[in-house]
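Dropping a structure here in structure tokens format, bear with me for questions.
Going by the order they are written in, the chains are A, B, C, D, E and F; count residues from 1 in each one.
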Amino acid sequence: MKKQSLSGDALWQRIREEAKAEVAAEPALASFLNLTVLRHDSLSRVLAFHLSGKLSNAVSAVLDARALYEIFMQVLRANPDIIAATEADIVAHYERDPACNALSTPLLYFKGFHALQTHRINHQLWQDGRRTLAYCLQNRMSEVFGVDIHPAAQVGKGIMFDHGTGLVIGETARLGDNISILHGVTLGGSGKESGDRHPKIGNGVMIGANASVLGNITIGDCARIGAGSVVVKDVPPRSTVVGVPAQIVGHDEKMPADLMNQCL
Amino acid sequence: MKKQSLSGDALWQRIREEAKAEVAAEPALASFLNLTVLRHDSLSRVLAFHLSGKLSNAVSAVLDARALYEIFMQVLRANPDIIAATEADIVAHYERDPACNALSTPLLYFKGFHALQTHRINHQLWQDGRRTLAYCLQNRMSEVFGVDIHPAAQVGKGIMFDHGTGLVIGETARLGDNISILHGVTLGGSGKESGDRHPKIGNGVMIGANASVLGNITIGDCARIGAGSVVVKDVPPRSTVVGVPAQIVGHDEKMPADLMNQCL
Amino acid sequence: MKKQSLSGDALWQRIREEAKAEVAAEPALASFLNLTVLRHDSLSRVLAFHLSGKLSNAVSAVLDARALYEIFMQVLRANPDIIAATEADIVAHYERDPACNALSTPLLYFKGFHALQTHRINHQLWQDGRRTLAYCLQNRMSEVFGVDIHPAAQVGKGIMFDHGTGLVIGETARLGDNISILHGVTLGGSGKESGDRHPKIGNGVMIGANASVLGNITIGDCARIGAGSVVVKDVPPRSTVVGVPAQIVGHDEKMPADLMNQCL
Amino acid sequence: MKKQSLSGDALWQRIREEAKAEVAAEPALASFLNLTVLRHDSLSRVLAFHLSGKLSNAVSAVLDARALYEIFMQVLRANPDIIAATEADIVAHYERDPACNALSTPLLYFKGFHALQTHRINHQLWQDGRRTLAYCLQNRMSEVFGVDIHPAAQVGKGIMFDHGTGLVIGETARLGDNISILHGVTLGGSGKESGDRHPKIGNGVMIGANASVLGNITIGDCARIGAGSVVVKDVPPRSTVVGVPAQIVGHDEKMPADLMNQCL
Amino acid sequence: MKKQSLSGDALWQRIREEAKAEVAAEPALASFLNLTVLRHDSLSRVLAFHLSGKLSNAVSAVLDARALYEIFMQVLRANPDIIAATEADIVAHYERDPACNALSTPLLYFKGFHALQTHRINHQLWQDGRRTLAYCLQNRMSEVFGVDIHPAAQVGKGIMFDHGTGLVIGETARLGDNISILHGVTLGGSGKESGDRHPKIGNGVMIGANASVLGNITIGDCARIGAGSVVVKDVPPRSTVVGVPAQIVGHDEKMPADLMNQCL
Amino acid sequence: MKKQSLSGDALWQRIREEAKAEVAAEPALASFLNLTVLRHDSLSRVLAFHLSGKLSNAVSAVLDARALYEIFMQVLRANPDIIAATEADIVAHYERDPACNALSTPLLYFKGFHALQTHRINHQLWQDGRRTLAYCLQNRMSEVFGVDIHPAAQVGKGIMFDHGTGLVIGETARLGDNISILHGVTLGGSGKESGDRHPKIGNGVMIGANASVLGNITIGDCARIGAGSVVVKDVPPRSTVVGVPAQIVGHDEKMPADLMNQCL
């Protein structure tokens, strides 16, 4: 097997080694890699530092980068489950994306990954009752990454948001583990009434580019949704759906999130 | 009824009260809320200040934030219809979006709303003959909000651009009042010839995520276009269309823009 | 004929004249136009200067604008083919987009054009073995323009990426000359295996908004793909395909990239 | 006579003409001159705009440039005497400084002049009871210009603070009209007791570089204080003092502030 | 007695109360005061946050504000003596400077105070062997505050550097407690030889503006040095010296640093 | 002898080696040292890059850092004498300042050195007729470094401006080679008449802190001027002057600029 899973200190050491090798190979990024990775002592710090820089906004003074960095570190320290999920997300990218040859690549350069980690922290802020701050960060995430996730949405671990641009996930959506979602996907609502109104996505599901999944419906474990499909009713586990509106075209998928075949 | 419409000074006072409550509840945003809302004496000033910060660009020096702020205030003072439309847009978000519990939320945090207000000002600059500036602001709007609206496009009031990312509206498009448009929607042209070549959208219409409406066609009042649909011919009033290409699948819609059901 | 092709010094002189006229007509942009266009002595310098400002990031210090400017100029000096392709792209916009009335407009204000030129330089950095820098710039391009192009993707000349938001092009994609691609288009892969897995797009092809073209398939010269279509198998030259999944609905297209008709 | 006094609209028009000539002569500053001078319609706006940029501080977010610009314009509009004094200061520089060949030079490039105008506005803020803001601007003035003037200090018109660095003026100091003060000068207090404890400087006085004038003493009209002197008692009108401590060495000076002879 | 000494939590609470009152009184600074003071839980955090903003430099990327903030907090946590000295410095300003009516005023707005606290941290970095960083911060301190203190210089507590501009303190200088030093003062060396070559300043000393104290000499406790003096030999305790070169002109001073009489 | 002179490539290699050692020793500055020194191929580039960052001003948009960098490189390429003088200045600091233990220290961290190099470039811009730009850079130099040098002033090589703050040098001043000038020194004029009115300073001269040298007088080779002195008439070669006004107190100095004894 070409790639191998890692977590905790072993993962952190691998990321540091990659960053060191990149400093040597690419002087134009030495500054960035030193500041963002090498001077830190944990993955949590790297994540908090990197995201605080991306989400702060000097001109309109929404939030100072130092203040964001502090807030993010407080959340990560108080909730170690978040960084464990982050580690699983890094490995998911490394294993599923053939264009990803290093563990540090999603951490440093994939905006879908950045949006997901911002949401993990933001969801905790929402849980802690800091709703105004959560709306503000949702807005910055949408401006900077083009990814709009309501802070109340629940997301499992081992997730890949590939490319990210245009992804929208609603307030009452719930996602399991080991899911792959391409850019332009909508997990949307079915109308103006409040209450539980967004999709529930099972483990191992793969959703192709620009697909829309709408309403309080259930996408079964290991289901596969073709690119550009519009799904408005439940999808059974291990089935493949395609089209506008989506129809079942196949069964017996084996971990589509891992295989990443978004074709029909 | 859970929510109630407001305008003028009553709306402005409600927004101020919300911002004051948020300052007390969320110290990390006190700076931002004071600077952006509480120190101003009108909704126009808040809008001009907030947008000028988002659209200016320190690094590439396109436009100084102070210069933009002045230009926006000049347009808003000379054209009071704009802020009246803005007020209707705020109320539209508040009434239609179940995730929007405060009048200040779209004003401060929804990039679809920010793009729409930028376009309202930009359309006036275009009308005033400032075409170069209008192109420049269209470009900044597209970079910052992911929303690309030609400055000549005509847009009514009470509009909601939900989420915003990927929305494209062409030069000769014309939109009525009380319309809801989701992210990823295209109101596009039918070819390279100039002249009137973009859709005309009636009052009360709802267009679902990633739908494309193409050519100089008419979408009748209170029509509903399903997510992911591709529409290339006229849609009668109060009908629902769905699919690629879109087919009529229902009639007798009652204000779909308000009901926000983008399912098929 | 309303518009005429230009290249080399004649093109550069026209762009300068346009910028001079804009300085006179729009004082609010005089600063920007002087800094970005008029004080330079070549199109290469303008391009390197303009893109370095957009892609640098003061807050998170990824890359200093001066360092980027130097790197871009080095690439452009060593590879004169790039600026020749840029010139063809400018003319393509000017000829195909009815909303584009000046040669300087795409150069200064169209983010699809900016993303394409960034990719041209980035592809050369990738060829030169600077892979870390190329990933970093791909990330910045995706954040700033909403366009995500793998640095290894091969792209011909005379290309228009209209609007740009949401465009994704994979690692082994190959695009010919004189192609028009709307926003939201995906030239994506067919699964997690590495190797040649992305589409090959012929000369003169036009791909409508939000269409997905998936897998190592061939889109023949002068084919036309309707908006919102999902294409998973080869498309013959000069044919039109539409739908999810896409079906052939017509033949004998004449340069669809030039005619820009994305309707079904 | 080589130079001639100007005020009001005539002065403003001359400054505009100079700026236009500089735009033509120096393309590298065209951006700056357009943004700072040419797009404005009054000297007040130029002053408020130029100072707000210099005194704002993006990184530590003390004050947004747009907020400062508004505050400065409010003060200047409500107190037309300030801009009249500014005009006299511009002319003073033009007439007394042989290295100053244009009226726009002190306005744009002399930090002693910038500090003085900041103080004029800041003194009004102090008078209006905005003491915290006044302390904050005194601090920024000291950081940016190296000039530390207590906001309560009273200053006449036709003043030149040449070079500026190190100048310190205490709370109860009072300066008449047509005074020239070189860099490094202290108008300081005589101890820790509060109350009236700083010098009173008559009209037409000239104070040489690094001189210290200490305590509640009176420097008579048209007196001259040599560079490096330390003055701790009253100086009669039209006399010259020199040394540590300063001794009278001459009489019958004719407008030393105008002649600018700081020698002994 | 009009003012009373404070330290530890009592001082911190007073500073917070003052900042709260200022937020209410001056809306234009509410943002700054919230960000810099009110959201923090200790004086150390306020100091580290405030100085990191002032000393960082977005444009030339010397040091990221977040990185500086972390480094400063590490030094302050590991060396509690520093914040104790800072507290004594705050009280010294409050008691000696008649223009200082609040404990938060030097903390927020006096650049002499900011330079001194930067030096306290920088001296510890030097002691810890981080010499390159110490040189870098000395440089930033000199650019931003106009105060140039070699990181090896030893400084006691209860110190006031009034106004600050132009102050220079050499490598082997040593300052006792309760000292007041005006702007423009030099504690300089006597030649190019290395080794112990700078002044030693006793407790309670007051040094007037622009005075130069040169060479490895001793200024006795409670001595007073007049403004503009040049001192090149030892000064006995409780004596007053004046002139170029300085001569003894008085004896029996009682805490000149506290009385702040810099006259001859 | 503890230190040894260097120039050209040998000096450049030593500076690179020092910077490499510092990157290893101080991770917090690795970013800065890579960006500013290690990625460049000549001392000229380092100088132009470092100064352009310090002198640009994001907020008030006077000059873009990239534009300054280009202008500085153009001047340095066209005038190789400048970098030769820079090299002599570096060595002068290294040999004369006991607190300077590395050749890269003045280059990176001494603002007196930065001001001198800015003036060298600025003087050439003045010679080339770019007077407006020269005034603008003189202003920025004075704001950032606290050093105010008229662009027409002529300065030799092997110069040390120690500490820098408050240094003022007038339009018609002329300085020889191997001069040391402390902070707060004025080489000023004698009145308002234009023409040759500033001092001429011989080779090897040393001028102590806060000394004022006024009028078109000549300071002979290897003369020494005590700190705080005021000099208004010619000083013979190899003599020492002291006081206000300055008197001759000694003769037969041997290279005072090298010995750096500013005592009386």
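Methods note: a contact is a pair of C-beta atoms (placed from the backbone, for glycine too) under 8 Å apart; a residue touches a chain by one contact, two chains touch by 3 or more.
Remember, predicted model here, so these are calculated numbers, not experimental data.
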Task: Chain hops separating subunit E from subunit B, counting only touching neighbours - done: 1
TODO: Select the interface copy of B-E from among C-F, D-F or A-F: the correct pair shares over half of its contact pairs, counted by residue number.
DONE: A-F
Open item on the list: Using Cα averages as centroids, what's the distance between subunit A and subunit B in whole Å?
Closed with: 27
TODO: With chain centres taken as the means of their Cα atoms, state the distance from subunit C to subunit D in Å.
DONE: 53
Task: Interface hub residues of subunit F, defined as touching at least two other chains - done: 28, 31-32, 35, 39, 53, 57-59, 61, 64-65, 67, 146, 165-166, 184, 210, 228-229, 244
TODO: Name, in rising order, each residue of subunit C that touches subunit B in their complex.
DONE: 22, 25-26, 28-29, 31-32, 35-36, 50, 53-54, 56-58, 65, 95-99, 105, 108-111, 144-146, 163-166, 182-184, 208-210, 226-229, 242-244, 258-264
Task: subunit A to subunit B touching residues, read off their complex - done: 57-64, 67, 71, 130-133, 135-136, 138-139, 142-143, 146, 148, 150, 165-166, 168, 170-171, 184, 186, 188-195, 197, 210-212, 214-215, 228-230, 232, 244-245
Task: Contact footprint of subunit B on subunit D as seen in their complex - done: 31, 35, 39, 49, 52-53, 58, 61, 64-67, 69
Task: For the subunit F and subunit A complex, residues of the former touching the latter - done: 27-28, 30-32, 34-35, 38-39
